[in-house]
Each structure stands twice: as C-alpha cells, then as structure tokens.
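Naming follows writing order (A, B, C, D, E and F), and every chain is counted from residue 1.
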Amino acid sequence: MTADFKISTFKHGVHPEEFKHLTDSRLIEQMPFVDEYVLPLGQHIGAPSIPIVRKGQKVRRGEKIADPGGFVSVALHSPVDGIVKAIELAETNTGQMVQSIRIQADPYSSQIFVPHPPTPYEDLSIDEFIRSVQQSGLVGLGGAAFPAHVKFKIPQGKTCKYIMLNGCECEPFLTSDHRTMVEKPDDVIHGIRILQHFVKAEKVFIGIEDNKPDAIKVLREKASSSGLPIEVVSLKVKYPQGAEKMLITAILNKEVPSGKLPLDVETLVSNVSSIAALSEWFQTGKPLIDRVVTVTGNAIRQPSNLRVPIGTSMNEVIRYCGGLLTQNIRLLLGGPMMGLVQRSTTIPVVKGTSGMLFIEEEKIADMDAYSCIRCGRCVDACPMFLNPSALGMLAKKALWEDMEENHVMDCFECGSCSFVCPSHIPLVQSFRVAKGILKKRKASELSKA
Amino acid sequence: MSRPAMTTVSTSPYLHDTATTPKIMWEVVFSLLPMVAAAWYFFGLGAFMVVFFSTMGSMLTEFFFTSGDRWKAVRDGSGLITGILLGLCLPPGFPLWMAFMGGVVAIGMGKVIWGGLGQNVFNPALVGRAFLQAAFPTAITTWSPPDGGWFSLNSGNAAWPFMQADHVDAISTATPLSQMKFEHVFAPTSDLFLGNIPGSLGETSSVLLLLAGIYLLVRKIINWRIPVSILTTVAVMSAIFWWIDPKVYPSPDFMLFSGGLLLGTFYMATDLVTSPITPKGLWWYGFGIGFFVVLIRLWGGLPEGVMYAILLMNAATPLINKFTRIKPYGYR
Amino acid sequence: MNELIWIFISALLVNNFTLSLFLGLCPFLGVTQRLQTAFRLGLANIFVMVITAIASYVLNTWVLIYAPYLRLISFIIVIASTVQFVEMAIKKLSPELFKALGIYLPLITTNCAILGLALFSTNKGYGFVEGIVYALGAGGGVTLALVLLAGVREETKVLDIPKLVQGTALNLIIAGIVSMAFMGFAGLFASH
Amino acid sequence: MKTEESINGQAAQEFLKGLWKENPVFVAVLGMCPALAVTNTAINALAMGLATTFVLVSSSILVSLLRNAIPKQVRITAYIVIIATFVTVIDFLLAAFFPDIHKALGAFIALIVVNCLILGRQESFASKNRVGMAILDAAGMSAGFTFALLCIGIIREILGNGSLFGMSLFGAHFEPWIVMILPPGGFFALGFLLLTFNWALQKRKARSTARTVETERLP
Amino acid sequence: MPWNEIIIAIAILTGLGLLFSVILAVANIKLKVYEDPRIDRVEELLPGANCGACGMPGCRAFAEGVVKGELNPGKCTVSAPSGIERIADYLGVEASQEEKRVARVLCAGGKNEAHNRAHYRGTLSTCRGESVVAGGPKDCSWGCLGLGDCAEVCDFDAILMSEDALPVVDPEKCTACGDCVEICPKDLFTLMPVGQRLIVQCKSLLEGDLATDRCSVACNACGRCAADAPPGLIEIRDGLARVNYDLNHLAIPDATKRCPTGAIVWLEGEQQFALASEPELPLGRVDEPNYDQDTYYQ
Amino acid sequence: MKEVDEIPQEKEPGSAAMIATLGLAGFLSGVILVSVFLYTRPIIAENKAQALRAAIFEILPGTEHYEAMELTDGTLKVVEGSSDEENVVYFGYDTEGRLTGVAIPGAEPGYQDLIHVIYGYRPEEGVITGLKVLESKETPGLGDKIIKDADFQSNFDALKVEPTIEVVKKGEKNSPNEVEAITGATISSKAIGRLLQLSVEKWKTPIDEYLKGDPK
C-alpha cells in the first residue's frame, strides 16, 4: 500500500459546500498595527495566566506580560511595544467578561521584533523543552487552544509511536492552515524536527484533505528531503475529517476509546500551524503574539488571510479588509459548522481565532422546525456513531440521565447531525445544554463527596 | 452611552443540507402519483375516487384536529402520503364513505392523538386500514376485477354514508392470494408483474412499485436495509417451503409479487417515523416483517398479512431501538 | 406434538389472553410504565400460571371429581394460598429473586388471567402436559403483550403526546391498535 | 361529636364518590377485564354490572362485619373465600333463572372473583369501616362500575351492531362497525370515552380558572 | 336430603381451608423476614387495590418506596387525596427538622431593567439553549435570561416567572431540592436558610457605570451598603457586595437604604416566610386543597 | 395528623387464629354453596336438557323423544345421565318409535376458536338433516353467519355425506354433497365442512353397526 494512492477517511460524516475559493489562493498578509490591544488572561483551556505587569508599565513587543497560572496554562506576551493601560474585565469571544490586559500601542515604535539567535534545542532536556514551550505561550491553533506543552509531555508509562499533523482544515471557508502549509512548509518541517527530537516517534503523518493538492505536493517534496520519517497522507474531503479522533481513524484505522486521549492509541495530534509556530519560537524566539486568521464570508468586502497580532479588535480587522458589505451580518469565529457566533465585533482576536466569518443575515434562511421524523440521516452522519435522533428527543423532555446513558458525553459537537437534519432540530445546541448540565451535576457531586 | 446595534445570534451549524422534511414528504407524494394513475387506468374512475376520499378524510382531519399550526401541518405533505397510501391499499369497489372514514381514523387515531408528525408509533395509514378491515371485513374483501373503463364507477363506491353497499354489479373475484390460500391456484408471475389482477388499488402493478422503490432508494429517502431484509426473508422462507412441497406452498416469485408486499415494503414498512433508526434494528425489523408475512400468508386464517406484520413490528420498534443501540465510536 | 404446538400458539398469539380474551387487563394497563417491570411481571405471570396449571390439575383429578361445582372456590383458595406461600418462601430463600420477581406475586394472585387459565384449561379438558403447555403459552402471550405495551409506553415519554390523551386513554388506544394487529394471527394453523 | 347532618353528608359522599370522582373504571382503572370483555352489548354490560353489584355489596357487608375477627396474614385468602362464595352463588342463580345471560357472560361471571375492584374495596374500605359505610361505599362503587359498563356497552352496541338493548336503531341497511364488538373496539370505546371526559374536564377547568382570574382583577 | 354430597362439599372446603391455613401459619413462623414496620403502616393507609397504577408492582412495593422516600405518596391515583395526606403526614412526623432552606434568585435584572444585546433566533427557547449561543442575548453576561427553565424544572411549582421575566420563588412551596440551582445556566440560584434576609440580588462583577449601563439594578460596587452595615457584615470584593452570613444575626434592613440601584434587598412579607415549620393542620381535615382532577388520569 | 395513631396496632395473631379462621370460612362457604347448589341443580339441569331437546328437535324433524348413546370400545351403549360428552350421540325417535336420525355433537377450530355444533344425521339415507351451532366465537356479523344465515343453514337440509362433504364458493353448488360457503367467511364455512366430514367418518361405522344389531 503506497501512500500516494491511498485515500483514507473515516465512516459517516457529511459533505457541506466548501466556499474555500474565496481565500484559498490569497497570500497571507500582515495586519498593520493598531492603537489598542486587549489580551484576555484566559485565552486557552486551563487556568488563566497571572499578569506580571502593572498599569502604566511599558512593555516591548514579545515581552512576557503574564505567567502561566499552573501547569495547564501558558504565558502571555505583548503583541506590541506600548503601555499597559489597564487590567480589567473585557468581553471575549465566549460572550463572557474576562480579566484582560489592555495595552496602548506606542505610536512611535517601529514595532519590529528583534529575532533572537536560534535556540539550540538539541541541548535541552525534555523538561526544559516543555518549560520553554510553556513560556512561548503556544497553544493548539486548531481551535481548542489547548496548551501545547501539555500535549508534548508524554506521561510516564505512555509511549508515542506516531505524531500526526492535522492539516485537514475540514471546516468550510477556512484556509489559514492551508496557506500556512503552502507558504511556510519549512517551518512545518522544522517544527516536526524539533518535536521529533523529543518525542522520538516511529512515524510522523501529515493528514491533508485532498482539496489542497498544492499543500500536499509541497509538503511531500519537503518531507522526502528532510530525512525524517514523514508521510503526507491525502484524505478524502469530508467533514469533520479534522477532528483528531477521525484523523486517527482515517490514518491508523484505530479508534480512540471513549473518554481517552489520542495518546492512549500512542498518537500525538497537533495542528500544522501550531507546529510552524513552535519552529518559529525556537528559531527566532518569537512567542505566540500573532496568528493567521482567515477573514472571509459573503459580507466582507475583501476576504483575506491575515497574520493578526493577538489582541487586535475585530473592528480593526473589518476596517482593514475593506469593511462590511451590509450592516446586518452575523460574525462567526471559526468555521460555519462549529464556529462561535458573536454578539458584537468589539472583541479581540485571540489565540484560538482561526477564522472570522461574516455572513449576511438575510442569507441565513429562517428554518421551520419539525418534529424528528426519524429519518436516520443524523445517525448516518454522526462520526461518533451516536444516535442524535434519540438524544434530541430525550433532550426535548429534559431527560439528561437518559442522554448520558446514550453517550451524549461522547459528542464533540461537530454539528454534522444538525447539518443533515431535514427537520432542522437544534440537535448540537441541545447536546451542549445537556453536556453542560451533566458536567455541572458531576462537579457538584464531586464537591459534595 | 450609545448602545451598539442589536445583532442576531443563532446556533451552529450555519450551513445546512438542502433536504427538508416537507421536501422529502412531497417527493414521496410525487413518487406515488404513477401508482394512483395506474389504479385509475386498471380500475376506472371509482379507484381514483377511493384514493381521493381517503385523502380528503386524512387532510381534513389533519386540519381540524391538529393543535398548533394547522396550515403548517397540512403543508408538510405527510398527511397526503397517509391518505394516498390508505387509498391505494383499499379495493376498487370500496364505498367512498368508508374510504373517507378510513382517512379520518388513520390521521385521527394514528397521528393526531400522538401529537402529529413524527410522534406516532404506528403507521397511520395502516392503522386506518386495519380499522377498516376490522370494521367492515366484507366490504374490504370484496374485490372487483380490473375492468379498464376510464370512467366506470363501481356501484359499491356509491353507498350512502353508514349504509351497506349493495354490490349489484360486483362480480366478486378472488385475489391471487386468496386463490392460493383457499384453492391452491397460483397466478402466473407475469400477470402479477404487470398488474392485470384483482387486488387493492396500489398492489397490482409490481413493475411500477419496483421502479418507485428504486427511485426512493436512489434518492436515499428510504433506508435500503428495510426492503432488502424484508424481501430476502420472504424469498428465502418461501423458497424453503416451496422446495418442500411446491403443490401446497407458493413459489418465492409468487410470494414476492402478489398482494401488498411490494407496496408495503417500499412505502409502508419504510415509513421513517415508525421504523427503527439503528442499522441493526432495521435488519431485525425487516426480518420480523418478512417472517410474519410468510407466517400469516401460509398458515394464517387470512390470505394477506403484510398490514398486520408491519403493525406488529411497529409495535416492536421501540423495543428494537432499545435493544439494538448503536455502539458509539470508541466503544469497540 | 402438533396438538401441543397448536395449544401453545393459540394461547400465545391467536387467543392472546390480554389482547383478545381481555384477561389481566389491570396490570396490563397499570404496570407497563417501565419495560423492566413489565417484563418481570410477565415472568412472574408465567410462573404463577404454571403453578396454577399444576394445582388445577391436582384439584380436578383428585378432589373435584367429588364435587365439580366447587371448582371456582377451590381453585381460588388453592391459588391464592399457594402463591402467598411461594412468595414467603422466595422472600426468605432468595431476597434477590424476591426483589426481581416476588414482589409482583401479590399483584397477580388476584388477577383474572390466572383464574381464567385454570377455568379455561378445565373447560377444554386439558390433561397435565397440555395444561402446562397452555399455561406457558398463555403466560408467554401475557408477557408479550406487557412487553410490547411497555415498550411503546416508554417511547411515549419522549413524544409530544397531547395532554388530553396522555395516560390511560392513550394506553387503551395503543392496546386497541396492538389488538387489531394481533387479529392478523386469527386462524393461525387452524386449517392445517 | 359529629352532627347528624355531617354524618348524612359524609354518607352521601361515600356513595357518590364511586359514581364519579373515584369511579372504578374511568378514574381508578380497575376491573378492566369485565369492563371491556362483556360490554359488547348494553344488556350484557348491565347484567355484568348487576352481578358485580350483588357480589360487591354482599361481600362488603360480610367483610365489614368480620373485620376484627380475621387475622392479618390470612385476610386476603379469607376475603377471597367470601367473594368466591358469593360469586358461585350468583353463578348458580343466573344459570338457573337467566340461562341466556349466563351463557353470554360465560366465564366472566366466575372471573368476578378476581375483579380487582372487589378485592380492592374489601382491602381498602370494608375491612376498615363500619357496616353502614361499607354498604354505601360498595353500593356507590358498584353503581359507578355498572354505569361505566353501561356507557361502554351502549357505545359498542350502537356502533358495532346498530342496535340498543337489542332494538335495531338504524334500519336494515346500516353497516355495523364490526370492530366495535371485537376486542380492539373495547379498548377504543373506553379510550375515547376517557378522552371525551378529559376534554370536558379541561374545558370546565379552563372556564373556572378564567372566572377566578376575572374575580382577582376586581378591586 | 343428599347428605352424602353435603358432607363431601363441606369436607372439601373445610379441608382446603384448614390445610392451607396450616401451611401459611407454618410459613408465617418459619419464613418470617424483618421489615420496617412503617411499611406495614403505609400499606394499611393505601387503598390496597394492587392495581399497579402507581407504576409499582403492587401496594406493598409502593409503600416500601414511599417509606424509603423514593416515591411521592401522591403517585397513588386510586387513593383519595385525604389518604395521601395522611401518609405524607405519617411519614412527615418522623422527618428531621432543621431550619427551612429555600432557593433565592441572585438577579433582579428583568427585561425592564437589563437590556438585550442581540436577538436570539432559534427554536430552542430555553435559558440553557440561549446560553450556549454566545452566552445569551442579554448584555449583562451574568444576568437572568428570563425564559423560565427554573420554573419549568421545579417539581413543586414553587417558581413563577414575573411579568418582568424574572423567577419568583414561593418560599412556602420550595423544598430546597436544588433542581433550579442545577438547571440555571447562569448559576443564579442559591439555597439559603430562610433566616438570611439580607441579599445582594446581583452577580455582575462590573463596577460603576459599566455595571449600570447594562442593567439599572446592578450592584455597582459603590460600597454604601458596606458602610451602613455593622462592620464585617458586608464586604465589597471583585466588584460586588458580598454578605458574610456568619454574621447574619447582625443583619439589619438599614444596609439597603442607601443602595443607589436597589441591588441589595431585605426580604419581607411573602418573600420572607420565616416560619420554621408548617402550622399544625386542623384535626380530621377531609377537604382537598389544591387537588387537581387531572392527576387522576395521568 | 393524629388520626394515624388511632389505627389500632394489631398484635401478631396466633397461628391458631389463622387456622381457625380459614377452616371456619371454608366450612361456612361449604354450607352455603352446597345449599344453593342443591337448590338450583334441578333447575339448571332442566335448562340444559331443554336446550338440548330443543336443538335435537330442530335438527331431527319429527322427533318426539331421544336416547343418549355412548361410544365405548367401538360400540354404542345406552347411557343415563351425563357422561363423557365427546363420545355421546342422541338417537331420535318419532311418536311411533321410528328412528328419525342421530344427533351428533362435534367441535372443530374455526376462525377464532373451536366451533361447537350438533347436527342431525340420517344413517339410512346418509344425509345430514340439520345443523345447529351451539357455541362459537366467530366474528359477529361475519363468521357468525354460520349460525343465522338462512342460505348457509339451507345447505344442511339434506346434505349427502357420500362421497365426501365439500365446501365450494357461493353459487357453485351443483351436487348434494356440497356446502356453499358464506362469502367473506370462507374459513368458518370450511371449518364446518371439515367438522362434518371428520365427525361422519368417526360415527358412520359405529352407528351402522349398532343399527344392524338393533333393527328397530
């Protein structure tokens, strides 16, 4: 079985229209600097960072402004030269008010980042490497913003045979990973080299959906000349191919047991952009102070791929992209399948923002909901092999325990079921509700015990 | 402080498949029209009137007894399917008032009482048909032969409401299945195939039914497991008995193409709402229907058992769903 | 053998105690909220029916030949006391079994299906083996009906049943539809 | 000390509750087997109701009289013996004097013994109350039972046979709905009766709540 | 007279009676199993119809469930309401008594005080449902969404939604079961002893105008209540006034007097309900309060 | 509420009380039942006999009295009173003591359950002279036409048992050994046909033999 002809995939899943043509051939541009940056302390999963700057303090671009708040937490760096204006509550992409560091950019600074000489990573011990990654502020750029160093630390007793780079970008509209792979293939390969030095996996896979032939081609070329055990796997275009469980199934034909992590099947999954950022940190010392964001949708004048400093207000991004075509829009962070809808555009771009999708409100059809007709389409769509129809009916009657019995906690909210449901039942939404309640219940039981 | 303009928020995903429940239902309605036309062609105007009255019965009931948005309920087309299917499984000379009443019972007892579309456990059309069969067993087993006249109306059709039909012109003939059962005469498969036989309106032409079934399968409106498992079960079981004694037991092709098996298989057993949802459950469901069809046809008191078989398996569907849970990802 | 099969099928499907003979309806409508309960009740039913078949055979053969008209009262005394005794015994000997099945026994003692079984099998002149097969068929039929109804009723918990219909009215209509479906078994194996 | 009036009131209540508020068939869903099995004609329903009345009233009297004499462990058996005795008596009497009705009711006369209603009343009422009250309760319950059976029987006979108490109602050409005298018809008839009652109750409740809201609004 | 037949008949029945009573008597002695005596008592109070309408297999099983506290006596649809009450009372007598706790809502920003930031479009119109979509449409991200999940979930009908789209707990009906605490996506309920009357009905951590721009009754952390209250009772922390209930005995209504927004309140009247236990019911009550005909048919 | 406490706390009843209660109950019930039974027995017996007599007179026209005969070991013997009913037939005689025919009861599964009938049979001519359904659970209005339907009943006015009894569709009867079925109730009709055929097969020889031995 040669890699070239194998087109792997997982079972079930859906085929939404892609809309990637809007941005997939646009080069990544640097977003200009703006006046103010808002840096929420909790951009990642885990404990919030702890600020180490005071109001009025001057900071340099790339300077650390907050320490990790624990092991599952990362440092935070200033994206600009400027002054700390305040540390206060500010609204973020979750709709919640979060403690944030507000930095006034120094209008007279050139905002040039002075690269450090490359860190000789070969000399680092594994713990030093992990600590270094934590200090870089690196989180997974695939969407969840999970601290990267935690993933890279292979716990005692576990082995990691495979490293898997997730370049699927299965969400419609998004092209940021695609562009990163095409424009920075060397960073990706170098990132792999660094990670491989510490993890020592047998094999490194880069999974890319076959709607990105240019990325596949260029990475295959680089990989073959790298001397690393890299295989670039071309995957069938299917949503949610990029979910790590699906990726593992597609490539290794293995399932991650329920409630377990990829490491339990000896695999480490990371987004390609995260790996590119890793390489940047070790080569130039640049922490995670900006990221590539796909700005797209039918309501933005100039869809683009932008490298945006973290903390930039979305309003500024809109302005840079030529403004909105209509006032009546809906802003989604991420893709249209899993993206988070926003109540306002005055929130900052954060580490987890992979895309900004502006959709004309009128284009979102009002959908008549019907009762579940048990057509089974959701069952055939659910990549987790759940029974969304049954779950949906249980949710309607608030039968949370029964939902738990029906494995609602295994749902990763990909939205495939809602996508196919001809009755337009808000399936994922009600699963989120159920999961929320069940988690809360479990937490209160724990605290009682 | 000026307030920012209100935006609109709604839940993800923001892309949706194009299929909607009403679209699915209407597609099924259109796929049924050739059957209605064929019924008219074979049995005359009376046949069409039977379908029309049962449809009126169901639509009017749907409209007047639905709580909530009754126009929406009527527009979605599912009541229309019920009415047409009910009409198609009635005999041609059936009194129109009974057909109307069947429609009322089908929707009233089979659907509205349960809370409308998607909530019912039993197939509404078959609830209506079972009620008619139990209420008026004579009328529903009085078969007139196909006569070919375009505008012929059977005198049975015109009975006064609540009154008996006097079948003056009814040359009551036996359907192939009752000939099989009571006289051990097997009709030739070619007749069964083309539809030149007495029987219910929609049962007669196997060719049309097969075409419609294939259409529904290709459009993925019905689940392929149901027809495959029903037809296989019937074919295999009847083949075994035919092989044991071909004089007493009918051949598999006779079993497959006679009576309401194809109509039941493609349109009624596959009713999305009343069939199981799990893949394994669908196999069991189909197997159960096939098994009961053969059981009732070969050894039961009645010549035809498709309706009862489907209703029985409808009743078992919640159990089937419960005991054939899908094993989620990560549990294998 | 054929005769026994016919007795079994007839009691199980054709003349299903619950759905076509209207026996044991109170638990049928009452104890079918949960599938597990219904199933266990069904099992307990089979058990008591077999006891009943044995007891009625004993009574018929050795006691009632002297006074057949005391049949009803003797049956009822014997069934009620035997079941009460068995209940006590199970409770003592196997509390788990009691939890699973025993607690259903009092509900069944005073149930038409049990006495119906005794009377019908006497009327039909069944012997010992036939009586037990009849009891198994009838008990199986009752279990089948209980389980089917319970399955549907559990399902109705997630359905939008209108308030007006919820409860007994709907149960009766479900029972009616299932009973119509069972009419399809009429005449099964009768003409062969 | 209770006054005469309140005793009378309570007595009337004991009797009336069986008719409607605690109606054994419509409300408590007891004694379903006879309620559905022998109600395919009104006359059978009536006969069954009366036979049950006889048994219920007589055994209630006896159980109430003996309520302090029967030990707890054997009370069910003792009640059953009492009930079965009366049932056998009525069985003989019917066979002797009304052979046709006896034939129509068939085994269901014997099955009165196990009618859940009867044993239920002994357990819950007769064994805990004085004879007078027990009689009233039994009479009320039986009346309610008979009433319910009659309702079902009338519906089923009219629809299923086109007749009432054997008299043809709609002429010879009426097409009877045979299903109504078959088993499913029994379920349907009671089901729809309950539905109708629910509907009526809901209507009445809606009206009464509407009224209370109005009065609340008054100053 | 056919004496022969008479004697046989009487002999058979007497014999059967004796035989089985002996068996049962022996079994009663040999096979006795201890059980909670209250079960017998409750069973006696039940109708004994063994009808199964309660969903349990027989009256005794039901009685066991009731005694264990797993079932509500009201589930018995056959029993007269007065009987149900008697059972409840019988078991209630033995229930332990502590200070009654009730659920309190920590938000006063109804639809007239706290405005929305967005329109929510969707068919899942519940607080939980809205809250997973961008945290809900309300500008104040701590505030009540007003769709009444709590009222829906309360088994005791203790919560009503006010015209202002805020939940109002009836302390008399509330049993402190905690269901509302669990369901509320904004965690606005806490269970507290009825004696705690000084309550800050706000969870917003914003200060000053930021808070009051979003909701006119928000706590803006001005600190006046803390100044007016006995020392230590109220503290302003993280933009919110917080009552230290360890000092509840010091609490006075005066602390609420100068609050500019009315976020802190002193519960009185219907909302307070400080009685520790229910008043004694009149003896021999047979009327049927709040009895709902519909439950018969469930 | 205080009422609860008023319920007397029963003390554990002794075994003697239990045994005495049930024994006494059995005794009393025995007394009552036997008295009612003795009182009603003759009436019930009379009712039954009357019903049987009516049936026999109907299916054997001209009968004035009859005699019950039981088949034991292949031969018929006169019996008194009730006995194993499956093997009893009734010989009917007219006023002059001539045999009017034999009334034979029988049962066979129909559409629902066993159909019990009694029919008159004339051994000399080999014809069936009448049929009365005693008990059937066939569908009212459909299968129960076998009881009331005049057309169907007229099948049995003179139905030849030779060579065999055949059931044919309505309107297709053209020889005296055929029974015309009821439309819509073929199953019940066939059951009757089958019943008659099986029953005649069983009884023909014993009756013929008996008549040969006892030429009256």
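Following the convention adopted for this analysis, a contact is a pair of C-beta atoms (placed from the backbone, for glycine too) under 8 Å apart; a residue touches a chain by one contact, two chains touch by 3 or more.
Small disclaimer: the values here were computed from a predicted structure and weren't measured.
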In the touch network of chains, how many steps separate subunit B from subunit C on the shortest route?
1
Partner chains that subunit E and subunit F have in common:
B, C, D
So which chain is the furthest away from subunit D, centre to centre on CA atoms?
A
Based on CA centres, what chain would you say lies at the far end from subunit C?
A
Between subunit A and subunit E, the Cα-mean centres are separated in Å by 43
Determine the centre-to-centre distance between subunit A and subunit F, using the mean Cα coordinates as centres, and give it in whole Å.
85
Round to the nearest whole Å and give the separation of the Cα centres of subunit C and subunit F.
28
Which subunit F residues sit where two or more other chains touch them?
18, 21-22, 25-26, 29-30, 33, 37, 111, 139, 141-142, 187, 190
Using the touch rule from the top of the page, what residues of subunit C touch 2 or more other chains?
20, 26, 30, 69-70, 73, 77, 81, 84, 106, 110, 159-160, 163, 165, 167-170, 173, 177, 180, 183, 186-187, 190-191
Please list all residues of subunit A that touch 2 or more other chains.
340-344, 367, 371, 390, 424, 426, 429
Looking only at which chains touch which, which shape fits best: line, ring, star, complete or other?
other
Listing of all chain pairs that touch each other, if any do:
A-B, A-C, A-E, B-C, B-D, B-E, B-F, C-D, C-E, C-F, D-E, D-F, E-F
Can you tell me which positions in subunit F touch subunit D when the two form their complex?
10, 13-14, 17-18, 21-22, 25-26, 28-29, 32-33, 36-37, 39-40, 43-44, 47, 51, 139-142
Complex contact set, residues of subunit D against subunit C:
29-33, 36-37, 76-77, 80-81, 84-85, 87-88, 91-92, 107, 110-111, 113-116, 119, 179, 182-188, 190-192, 194-195, 198-199, 202
In their shared complex, subunit F is touched by residues of subunit B numbered 137-138, 141-142, 172, 178, 182, 301
Could you pull out which subunit E residues touch subunit C in their complex?
5, 8-9, 12-13, 16-17, 20-21, 23-24, 27-28, 30-33, 50-61, 294, 297-298
Can you name the residues of subunit B that touch subunit C in the complex?
67, 109, 113-116, 119, 121-122, 127, 130-131, 134, 292, 295-296, 299-302, 305, 307-309, 311-312, 314-316, 318-319, 321-322
